[in-house]
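Pasting a structure here, questions to come.
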Amino acid sequence: MVPLSYYLVLSAILFACGVAGFLIKRNIITIFLSIELMLNGVNLTFVAFAAQLKSLDGHIFVFFVMVVAAAEAAVGLAIIIAVFRTRETLNVDRVNLLKL
Amino acid sequence: MIPAVDYIRILPEVVLSVFGILIMIVEPLLPEQGPKKPLGVIAIIGSLAGLAATVYQTGSYGSAFYNTISVDTFSVFFHFVVLLIALVVILTSFEYLEVQNIRSGEYYGLILFGTVGMMLMSSAVELVLIFIALEISSISTYILAGMRRRAAESAESSLKYFLLGSFATAFFLYGVALVFGATGTTNVYGIASYLQGQPSTLAYLAVGLMFVGLGFKVASAPFHVWTPDVYEGSPAPVVALMSTGPKAAAFAVLLRVLFATGAPGWFWMVWVSAVLSMTLGNIGALVQQNVKRLLAYSSIAHAGYLLVAFAAAKQVGISAAIFYAASYAAMNVGAFAVVSHFASSGERYVTLDDYAGLGRRSPLLAAILTVFLLSLIGIPVTGGFFAKFYVFSAALQSNLIGLTIIGVINSAIAAYYYLRVIIFMYMRDERVDAPVARIPAGLGIGLAISLIATIYLGVLPGRVLDYAVQSAQALVK
Amino acid sequence: MHLWIIPVLPLAGAAINGLLGRRFPKALVNAVALGSTGASFAMALWVATQFAGLPPDQIPHIERYTTWLSAGPFSAEYGIYLDQLSVVMMLVVTGVGFVIHVYSVGYMEHEGGYYRYFSYLNIFMFFMLTLVLANNYLLMFVGWEGVGLASYLLIGFWFLKKSAADAGKKAFITNRVGDFGFLIALFLLIKHFGTLQYENLWKLVSLHPVESAGAGLLTAIGLLMLVGATGKSAQIPLYVWLPDAMEGPTPVSALIHAATMVTAGVYMVARSSPIFNRAPDAMLAVAIIGTLTAIFAASIGIVQTDIKKVLAYSTISQLGYMFMACGVADYVGGIFHLVTHAFFKGLLFLAAGSVIHGLGGEQDMRYMGGLRRYQPYTFWCMTAATFAIAGLPPFAGFFSKDRILWSAWSSGAPVLWVIGLITAGMTSFYMFRLWFLTFFGEYRGPNPATGGHGQDTDAQHAGRTGAIHDAQDAHATGGSHGHGAPHESPWVMVIPLIVLAFLSLTGGWIGIPHSLNGGDRFGHFLDPVFQAAAVQTPAAEAAVPPAEAPAEHEDASTELVFTAVSVAVAALGLLLAWWMYYKRPEIPERMARAAGRLYTFVLDKYRVDELYGAVIIQPLIALSSNVFWKGIDRGLIDGAVDGGAAGARETSDAMRQMQSGNIRSYAGWVAVGATAVIAFMVWRGLR
Amino acid sequence: MLALVLFFIFALLCVGGAINLLVQKHPINSALSLIVVMGSLALLYLLLGAEFVAAVQVIVYAGAVMVLFVFVIMLLNAGEEERLAHGSRVATMLGVPALIIGLGIAAALVSHLTGLDRIAIGGPTVMHGSDVFGNPQAVGHLLFRNYLLPFEVTSVLILVAIMGAVVLARREE
Amino acid sequence: MRFINDNILSIVVFLPLVGAILLAFFPRRDRDIRYFALAVSLITLLASLHLPWYFVRGDAGFQFDEDAPWIAHPNIHYHLGIDGISMWLVILTTFLMPLCVLISWKSIHERVKEFFILMLVLETAMIGVFVALDLFLFYFFWEATLIPMALIIGMFGHGRKIYAAVKFFLYTMIASVFMLAAILWLYARTGSFDFVTLQSAIQNGQVAGFGSAALWLFLGFFIAFAVKVPLFPVHTWLPDAHVEAPTAGSVLLAGVLLKMGTYGLLRFNLGLFPEQARRNAPWIIALAIIGIIYGALVAMIQPNIKRLVAYTSVSHLGFVVLGTFSFTQLGVDGAVYQMLNHGVSTGALFMLLGIIYDRRHTYDITEYAGLATPMPIYATFFAFIMLSSVGLPLLNGFVGEFLVLSGAFQAKQLYGILAATGVIWSACYLLWMYQRVFFGEVTNPANRSLRDLDGREKVSLWPTAIAAFVMGIAPMLWLHSIDPAVSAALRQFSAGTQVTATATGRAIRPESPHYPLEAGARAPAEVTGR
């Protein structure tokens, strides 16, 4: 039997790692991965709460999150490709034409 | 089984989706090199049909699909706003697409689908649906932002918008998750019933996180940083859309999340965010040379004014916010429409220097832009004036004197940079090398609509305001 | 009696000439100008006869026409107040004014802006008449300012000449300083009596006790009025404008700066006698100012070489006499001297003008002399005037001046009398000096044969002729004067001289004192005005001797003695002048050299102008331009404003650094915001 | 007891994967470590009785989506990420606040959820077949009744996504 | 007739706007445009003359009242009305407008259409400010004057026109937002923007929390108006705006816009917050007096004629503020009258400066000398107007100054004395300037052959000259209607200063000979009292 808070803390840590990844990674794709990591953290929270509340809404939500994540992945990667085409780089720090 | 009336309650969305699909079917049938006008026409018809559907909808208020959406004056109001925005944007895009050669099919399709998302955002009362609708509108705008595929700026702005957007979405989602945990439901009114009495710490935290997500969408400080870059890089008509449509929708969501659920403890959060947005937005705009960027900063500031109305909370505050959203949409779409026309191919002419002497080269265009700018300043006989006026009077009615003072001073400072544009247009020696094409029909109609809207809201705001008041009541029923 | 016609006639003349005159031929301009003034003179005479017929209880005769302005409780109206005093003034103004108009026809014949000149002159007549006929102080103030304007315009008539323009400006502004005092006096009256109408005011003032105890409301009012008077009547300290005012055409000097306008101050004091009678301190101040001015100006007049300057200072000094008289409550004497002075000083100026005219613009006495051969009529008229001003019997000046000296003595302030006497001596000295220098000895001017000029004459001409040429519709012959021998002036100029000469001879006879077995008809005529004003309470007796005092019989013998003394003094002056400037002409130079510094100091009019310049004007300009404008306006306020704007722009620039363009940093900001929000919400939640 | 052990195993796997994602230089490694995270999450889902979700997690997420990632990484043959001087100092500094967020949330939960600590979840119930509340049948039932509209709306979302992918990724002719 | 009386104000306000809209559709034939604009302004003038014609003199209340609900909530009414004070300001506006059109006939030769459209729009806004009785409506028009004026300066000005325009705009804008805040506060507490309603509500103490906020509200309004007047420390926008503005702009700016400030002070600061007004009067009066002297001194040493005249405005408007805050019948009457005078004389002065600018394109005094020789008629007009602005009796300036000063003197002798030095200063700066510009030899060859006034210019100058004269000799034509309105405005101050306070209540009988005695009958008591 596992205390709910353990799950929540775990998901929090995952989310935090995602945020950290977004901030410190330079490769666009890796950054995108960190976002996925954040989403996973959220999902865990949903599922944990669902288990606690014995309500399936959480599961449904996770399902939709996954769908959205998939869609985002498609679009996002397309965008990354487009950027790569114009800039020939995947380093975020080089993608700063627009500033100030 | 699901009653028929439920379908009426999603009729506008359905209609728009149908037209969107229609466009995608028609596009390949058109000759490769031939004019893509028909698609635009379909899109226009689509949005008009959507308007008609919305009108039809007003007959049958109520919730549908197991309380996932609720059609009330509030949502209908935003339906109208969003649809009109879409209509004007489509009209504006007519020439633009050809000038920039952007693929019309996807463009119009995405606008229509995005609009569907926005409309759903305003009518959804189930966080799942809100989330998905949000994503629809966001993703379609991400793509639209990147549609000037030859321009590195366009791609970059698209990337920035996308990455940061999903980043913020994650926060929003986390908030939702915690709400779910705290209340056991994701239905707005369900949540409301749970949040009676002493809400748990979890609820506070959840509200905070959702505010982060939505604050990003409405570009309120400190979640505004993306705005200038994205607006600068994206195609002007798309900016017209994304600076008004998703924003209005996101504000609608924010209204629902904060007020319909009776969420706790957001006041100071909103207060600070409002002050920051107004100040940072206006200060930042003071020295901008690029008109799109300038308007981006101004839109941040306007988000701030809107949040002032939020802080005012009461009925008056909500209705003021709603009215503000409407009039802001009217004037901003108009302004960007002018910008997009003047930018011409490759968006070459977007700096203030390019606007020098516009008053001589194209008096009409300049005059129209002037009206929109004056409205953004908040000069009488324009919607912007009344909008600000209501917002601040609402704030004062709930005794937010400090916030009001900060607000009015900000609006006075803001006058400077809008005035700068006017000055360049009328008081600087003209630049001959920035030609102005004659105003095409589509753009003309689009401008006319937003111009009329702006003036109408400025002279006879009575009816719209009453409607806003009703919406506010409907929201917190 | 429709008195309003009297002032309005000249106004009409002015309007016609001013608006249409530039297209008129000279004759028509003359007709309009002279016609209007002549008519108003005639009307004045008729009114005087009518007035004589009025029963005492209908005096003063008041005509009120309509309200001029009214605010709340206060109101002022257009109205005319006719009593003996204003009748006298009216007659003097219209009469002398008319004569001088006639003279001007000749004098200005060759000048440009002919119509302009006459319309100005008429405007002056209008305002002067308003001043003397007004039935309330506000209307008087209208005239008061108006004559100031007229004199500004006329002094600056040759506006191409910088000195002339400067003089005009100086006159106007100096007068303004005086008017400031007058205004404050009016405000005090309004505040405490609520009205400026003479008849109401006198009633209210009469309720008022005499302020023998020292300063009080009336004293304040009186002193402030005195300030006004010193401005208009060129008394210390505001006399400085009058000498410069000689830049104007000579007839103007005669009319405005000798006969009429400058006496407005005297008239005002006399008119306000009810107030002054109750403010002994104020009266004392009047007397002192007058006396000091008299001797001060006379001392300057002794050394001046410009004929008009001499006359100017003598005017100041004579006005001093009038103030002295008023100061010792002998208003009749003051007015009497005003009248006679109008005659002989007007004449002096006109005569001087005719001399100048005859010499083609020469004003420096050192280049005159022996003119009695060239200008016999002028000479004889001048003679009459000189004797009159010197106070030698039986000329007009004798009676008035003598009366003033006597009342000065009997007012119980002998020092006034002493100073007055000395001044009388000086007066006769410098007047005869002028007389001898101008008409006796040899002609020292440029030799007709060579047609050459002295240095200053050149300067003089440069100014004048230049003026004449450039003034619009300039007259070709303008510059042609000054060449050729001195000549007598045309009849149109000579006749006025003769008229005035006659008046300066006989003018005094209307006021022969009882001591000389005269009837003092003038005194009797005016007394009612001041009787009414005089204070009945015993307390006041001490302060103000009744105007009758000089005429009381036991004093008659003493009075005779004093008369003799003053005549003697005058004669002394005559002799001295004869000895110095006729018998031994070289003496003055030696004396001047002996006096050295002192002489130049006096010659430079005690450097008062320079003093004012250094103490008031320069500092003021420096202050305004360096401190106020450059310092506060530009530096402080605008600096703050522009600085604020710049500051905002810099803030903006600094803030843009937030927009590094780097996605990660943006995410960073979002994260910061989120952190803040989370921290805040957790804290809220735990509370 | 067993549940607790399992939880800790997979939890550590998750965290380890996440940390690894951060520290790895090459994106491909990061991607793989993310797959590890997802896999172990799937097991945790099972532990919580969310069979359907667990399945979808493995099939859709760890499967399809991540494959897409790996594919793109290969396509663009992204190399080691290089660190630039002009990179965002702010962001690197803010890596820390990110953790603060995490700790903040954690603290909040722990402080608040003292009650929830006692609520034990998951456990042996997992193993019994069909009556588990998270089985596909139950989910499906809910999904196609109460959440019909969102489900239908996702079609629009996916349509948009497809269009986007097409319009953006297609090579300019 | 009835119909006209009920709608005359709306007609007067919106005629110019209609004209402007029509003008927008005109072909760009400058000549027609000019004539049309002239016609519109003349018609407006005629229409506005209806007001004094049918104005009921004795009645101190608002007349030609129009009140229609505009917006339900917030409860905004379209409420117009005039009293003796605002009526004349309206007339002043409509009177100056045709002259402005005439004076810019030639000097504006490009973008003529825009220019006249802006002018007409501006006219509507200005008139609106004076007739609005609903605070919202007032603010509405108030803000509406801003843009046209700024554009007129910026588009048709010269030199640092943009700096001037921006400075003008921001100064006024920033100041007026404080007024907005105050208005909103009042609305939040009373639910009404109506001036009359608010006034009575405040008087009867029905406004919750008014006591604590009163000062701030007062200041809110005051700042907005003080900048517009402009009062001493915040006057620096005026010289710049004037120097760079085109002639017509300057005329309207000095003639009307500044009056909006003083009018606001009188109507709102005194009308709504009498208590605060009295409490704050001392320092405000101090500022006014500083303005009078300071403005005059700074004007005196200006090398630029137009800047000089601009500073004289600071000085003259100081008189107005002084009179207003003396709270005495004379003072306020004078203040109102002085507004009109200043409008006429300074307006005329700016027209004259414009005329010379058209010929020589410089305002630098050193460029000019001896202009009286080539341009005698011009010089005469200039002298006349100058004298009226110096305050020569029988010309308009005197009446105003005299009333203001004596009013101030009643309030506090020191005020009167200090301010009265103004009569000296005004003589100094104007005469000095006149002498430098017009007298002496023509030194600058460029001035030798200057044209004198032509017919159009004469036509545009004569009305002002005549007005100056008539206002000087027959002020009662105006005071008859001003006086009751003022006494009504001052009724709240009846506890105030001595002589007038008792008099304000009483209906005035100007031609009654004895009542000055009544006023005076109290004199001895006071004398002993002081």
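By written order: A, B, C, D and E. Residues from 1 in each chain.
In this text, a contact is a pair of C-beta atoms (placed from the backbone, for glycine too) under 8 Å apart; a residue touches a chain by one contact, two chains touch by 3 or more.
Note that the structure is predicted; figures quoted are calculated from it, not measured.
K.L.:
What are the mutual neighbours of chain A and chain B in this structure?
P.N.:
Under the touch definition, chain A and chain B have C, D as mutual neighbours.
K.L.:
Using only alpha carbons, which chain's centroid is the nearest to the whole structure's centroid?
P.N.:
So the chain sitting closest to the middle is E.
K.L.:
Among the chains, which one keeps its Cα centre farthest from the Cα centre of chain A?
P.N.:
In terms of C-alpha centroids, the chain at the greatest distance from chain A is C.
K.L.:
Which chain lies the greatest distance away from chain E when centres are computed from Cα atoms alone?
P.N.:
Following the centroid criterion, the farthest chain would be D.
K.L.:
With centres defined as the mean C-alpha position, give me the chain A-chain E separation in Å.
P.N.:
So the centre of chain A lies 66 Å away from the centre of chain E.
K.L.:
So, what's the distance in Å between the C-alpha centres of chain C and chain A?
P.N.:
98
K.L.:
Centroid of chain B to centroid of chain E, CA atoms only: how many Å?
P.N.:
44
K.L.:
Find the geometric centre of each of chain D and chain E from their Cα atoms only, then give the gap between the two centres in Å, rounded to an integer.
P.N.:
Centre-to-centre distance between chain D and chain E: 72 Å.
K.L.:
Of all residues in chain C, which are in touch with two or more distinct other chains?
P.N.:
As it turns out, chain C has residues touching two or more other chains at 656, 659-665, 667-669, 671-672, 674, 678, 682, 685-686.
K.L.:
Can you list the residues of chain E that touch 2 or more other chains?
P.N.:
170, in rising order.
K.L.:
Of all residues in chain B, which are in touch with two or more distinct other chains?
P.N.:
In chain B, residues 128, 132, 135, 139, 142-143, 146, 149, 158-160, 163, 167, 200-202, 205, 228-229, 413 touch at least two other chains, as defined above.
K.L.:
Touching residues of chain D toward chain A in the complex: what are they?
P.N.:
1, 3-4, 7, 11, 14-15, 18-19, 21-22, 27, 30-31, 34, 37-38, 41, 44-45, 47-50, 52-53, 56-57, 60-61, 64-65, 68-69, 72-73, 75-76, 78, 81-84, 86-88, 91-92, 94-95, 98-99, 101-103, 105-106, 109-110, 113, 116-123, 133-134, 138-139, 142-143, 147, 150, 154, 157-158, 160-162, 164-165, 168-169, 171
K.L.:
List the residues on chain A that touch chain B in their complex, please.
P.N.:
That would be residues 8, 15, 18, 22, 28, 31-32, 35, 38-39, 41-42, 45-46, 48-50, 52-53, 55, 57-58, 60-61, 64-65, 68, 71-72, 75-76, 79-80, 82-83, 85-87, 95-99 of chain A.
K.L.:
Which bits of chain D are touching chain B when the two form their complex?
P.N.:
Result: residues 105, 108-109, 111-113, 145-150, 153-154, 156-157, 159-161, 163-164, 166-168, 172 of chain D touch chain B.
K.L.:
Looking at the complex, which residues from chain B come into contact with chain A?
P.N.:
127-128, 131-132, 135, 139, 142-143, 146, 149, 151-153, 155-160, 162-163, 166-167, 170, 173-174, 176-178, 180-181, 184-186, 228-230, 232-233
K.L.:
Can you name the residues of chain A that touch chain D in the complex?
P.N.:
1-10, 12-27, 29-30, 32-34, 36-37, 40, 43-44, 47-48, 50-52, 54, 56-57, 59-60, 62-64, 66-75, 77-82, 84-85, 90-91, 93-94
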